[in-house]
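There are two complexes below, and they share chain A, which is joined by chain B in the first and by chain C in the second.
Our next item is the complex of A and B:
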């Protein structure tokens, strides 16, 4: 019995580990790559702790304008979706009962339609309208922001509506009647009774709408026009190869999410605590008193520690200078490479000597093997075959624009020579130039 | 305070599709009166109230408030305030904001509203509770806040839809007196809905008894109880022993009934039935349990009947005695507890007697189920 219990427990724990590993693993790996110095995002081997990717991110104009566009689109979508969602939900409560099911199906349909279809149809629809109205092709009806907001709102409004319907179902229509009976106009009854009741739902719907808008790709990809959002920019970037500045962006988003969730949770818990104790809410919302909530909630403690970690890294970034480490790593690599080169030379020397001993016909057959001549290196990189020409020390002279760290950044495939190809350098860190 | 105004329903019909919820109601309520609608659940009481407050238009007929036809006038334009069956306090507003909501929508300043709220809170004996939320009040306190909120609107007519039904017995009795006091103080017309006859009789100047959309009788509590207009009213208000039979003879106000199982009995013809009953007509006769007594003289008479005691219940102020007459006819008698220990008479044969004036005769009609 005991052994069985133990097994059960073990399986459960193993399952949890796998489950959370599956959920959080990629996020953790990505976060770590944001602080590793290699130019291709990777966690191992760990080279140097660095914050330069945050710098790179902060200087990336395309990412920045992408974020800006995303925020503008997000705010617009929140406004439009919340208003349309609320209106849609209200109509559902007012409509003739027999029509309700049909109406519900129609307004919920956009959630089921693929985003791609919504994107295309938004584009086509407003183009038609534009033509019908006889506007020029540069009119606001072709504006990327305008189209993206409309396109995203078509289905995000439905999400919002679901949130509102859930809340409205708990609304006592008697309250509206009471307000009317006490002399309120319909508008006053809506503003003073229904709207305050819907406030929490409006908050949730707005957050939901913003997040849905921020992460949307497949609808936006048809409508963004001259205003690519963050997701569009990232997708375009990935096509040309990525560097850890994207990881650092991911890290920032993760930290913001965690902090946001935490603040919300603390607020909610406190309110619950207040209501459970029968104290008026006002009494508990003032003043800072967390300990009780933390005692019963280790997850919250971990989250707080993670958030604190995030902030302290930012602070640490101001103080810490990774240059020394990088030089060290470079030095080490050079030593290792030097050793290898020596070994290879030794081998080649031995082979040549053997060939010389065996005669000229054997020499001809050896042509299939990669020769050690320095000029051939670009054709056969990645096999550790390169000459003294590519001594990192020389590089500084050949690529004076590049910062000294550059060589260390992308030794990705262990092929030193590859990295020193000027073309690759440009691709790996275009921002550096 | 404003003086109450008349409310008149003239031939009011209210239909929901094919269903007739109120049938040809004619009700005249005088200004400053405490008027009750009494009836079983689903008989259309709330429906009538909603027609008065303006939440629904009668399908036919006229609702007048203060002599004015209310057709097409919305609930927010009528001089009425309704206290809902479930109170409908605004859960997100503080008590004082609830009370002064009617002033807020008129644009009265916050300071003035607060002042008025404090006055009303004093009146309902809840001083210093203005900053609480409704959820932080007890049932009776909520009740009083709902009344204060309605009174704050200074209506000419206050409509109350079973406001006490959610309270426990003690509180209900307390609130009855309180409501009556408030009504007398402010002097406005109260229209009160209840299915509790005790409430209707204790508080009201006049009561309308309703049965399935029809108003059966409108009168003061005394008349409703002692002089019912229909068998339904007789059986719904208070308890009654029912005897079916035929009229044998009529002499002035009194009629002799040849009952099916209990012999010939004498009773008064109800006011509403005068001139409508002839000798030989089928009729129903009602004798209240408390009108019965144990006869000292056992000689047969038209106001006496014999029965055997089945069992007794002691209820504090009264004893309920359940008897079985001829052919299994069930009869209930209530005796006042006069102090001495009463000897149980179970199994005894008794002769009951009643004052013929306290028994009423009505034409045959529907009884209240129960």
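Our next item is the complex of A and C:
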């Protein structure tokens, strides 16, 4: 029995590790790439500790304007969806019972409708309204921010409504009735009784709405018009060539999220402690006593440690200069590249000799080429090397072999097609390491 | 009669100003934001693809052209069916189904563990850890998977360094990255509904089953799973719908040869410039997903009211 328990515990822990590894691993890897120097975000091999990607990020005008648009859209969406969600939840409590199921299905549906469909329907609908009203195509109905706010609010209001419904279930309608009996008007009862009760829910619905709006892609991608939000900008960057400045943005967001979560946790802890009203925490901990604020509050401890770590990192970033390390790495890379080029040249030379032996037979010549092309594969991973063998452009690639010294002398420029493109070499070199 | 009575009751209860305000807000949401756009899109999908000046003109009639296109392909094509688009459609649904099952298998044990543990500090921290990835932008999460699974990604580098493989494995082309990323993106929508339900399960029921000598798998099969069914089905519904309708992850993580159905819709809207056709495809996606979800719910005897609880 005991052995079985032990085994169970072991399986449980292994499972938890795998699960949270899946959940958090990608975020950790991404954060680490933000501090590594290669231009393509990667964790291994580690080259140089650098903070330059944060600089790149801070100078990126498109990201900055994207953040601005996102904030504007977020505020609009929060405003609209909190109001609609609250109204929706209140109406749900009062609606005619026969209609309730239908009504609930309709207002919950936007959560389940794919975001793409919501975006399209918003776009199509307002486009037609615009045509019907006879406005020009530049009217506010075509404004990206307007459409995005409406499109996002459609489903974010449903999230908000769920939050409000959960809170309303604990509301004692007797309170409102008592207020009305005591002579309060309906509006007064609403403002003085219901709204204060709903306040925490309104707060969390607003936060939820803002975050959902900030990270929405599927709906926004159809409605954004001329005002790309941060998510849209990120998506375009990620799709057309990536660099670690995106990782650094991710790192910032992750840190903000963790801090936010910890602050929230501390707040809840303190509330609970206040509720427990001087529960004998100290008696349990005993021995070493933390300052009062931290007592029984691991979240606060972590937060303070993180703040210390953050400050020391910033200080370090001011002092630290990765240039030397980078020069070292570049030197190393150049050596490896040199060897690589030599090896390829050797192969090509052998191949040419073979060709000469076999005579100018075109088909025979191309048959002997594949082994050499296979040697090329790691250098141009994005391209089907075998496909290129038979195309006439191949001659261009083999041309540099005639003047092989040049690429080494000017490694900064891809003078001779793809083979000596510095990017290719960057990508290829880690395999040499 | 009843309508006027209901309305007067309603205004008596809320007062005039507040009553009007609530009504306006709800009508705006339900009619203008939810119902009318969907109807408008449905209507639009039956229209010809016309340049703006001809809209509303004599040529603007109803047509099944776009739906025919999805099933039969372009008129005069070699094949009698639109093999490309239909294959993508089927693969999208299958893959979404697969992702849902994957998430369910991954989440159920944790949801059970969290729901049944006695809410100590450990549980709280685990829940916190669960929520954190959810606040990170969807694009960034997909990006993280690209870093991990790319040609020079962490996995390939590690395996190369360990000598397990000689050439990098193309995870992107094999769609491993896509499935991992999709499963990751919506995993929380699976875990929380199940967790919420299991949390309310009376522990005595499990104890009783155990006392009667039931093995652990039978306890789950006969006690926990039937009880957690609403949570499981609402989690599955959300994950299935969202991954079938996902756009970001397939765009970033999808292999060069594999399209997601939403990407085709996206293409008709952006590069293709044929909005009615895009709308028609979107309708097909929406209706198919709803039909699948509803029939599964009927199969497992769950009501739609249970969703979102």
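Simple rule for what comes next: the second predicted complex is superposed on the first by the 291 of 433 C-alpha atoms of A that agree within 3 Å, B and C clash if a C-alpha of one lies under 4 Å from a C-alpha of the other, contacts with A are read in each partner's own complex, and residues count from 1 in each chain.
Operating definition for what follows: a residue touches a chain if its C-beta (ideal position, glycine included) is under 8 Å from a C-beta of that chain, and two chains touch if they have at least 3 such contacts.
Remember, it's a predicted structure, so these values are computed and weren't measured experimentally.
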item	value
Combined model on chain A where chain B meets chain C, clash or fit	fit
Of chain B and chain C, the chain that contacts the larger number of chain A residues	C
Partner chain(s) touched by A:34 [first = chain B, second = chain C, both, neither]	neither
Contacts of A:125 with chain B and chain C, given as first, second, both or neither	second
Partner chain in contact with A:185 - chain B first, chain C second, else both or neither	both
Partner chain in contact with A:116 - chain B first, chain C second, else both or neither	second
Touched partner set for A:197, first chain B, second chain C, both or neither	first
Partner chain in contact with A:175 - chain B first, chain C second, else both or neither	first
Touching partner for A:24 - first (chain B), second (chain C), both, neither	second
CA minimum distance (chain B, chain C), superposed complexes, angstrom	9
Shared contact residues on chain A - chain B and chain C	185
Of all residues in chain A, those that touch chain B in their complex	172, 174-175, 177-185, 188, 192-193, 196-197, 278, 280
Residue ranges of chain A in contact with chain C within the complex	12, 15-16, 19-20, 22-27, 29-30, 33, 40-45, 83-84, 86-88, 90-91, 94, 96, 101, 103-118, 120-125, 128, 131, 150, 153-154, 157-158, 162, 185-187, 190, 211, 214-215, 217-218, 221-222, 230-231, 234-235, 238-239, 242, 246-247, 249-250, 253-254, 257-258, 260-261, 265, 298, 377-378, 381, 427, 430-431
Residues of chain B defined as touching chain A within the complex	53-55, 74-76, 80-82, 84, 86, 88, 90-92, 101-102, 104-106, 132-133, 136, 149-150, 153
Chain C residues touching chain A - in the complex, by the definition given at the top	6, 10, 13-15, 17-19, 21-23, 25-26, 28-30, 33-38, 40-41, 44, 52, 55-56, 106, 109-110, 113, 121, 124-126, 128-133, 135-148, 150-154, 157-158, 160-161, 167-168, 184, 187, 237-238, 241-242, 244-248, 251-252, 262, 265-266, 269, 275, 278-279, 282-283, 285-286, 289-290, 293, 304-305, 307-308
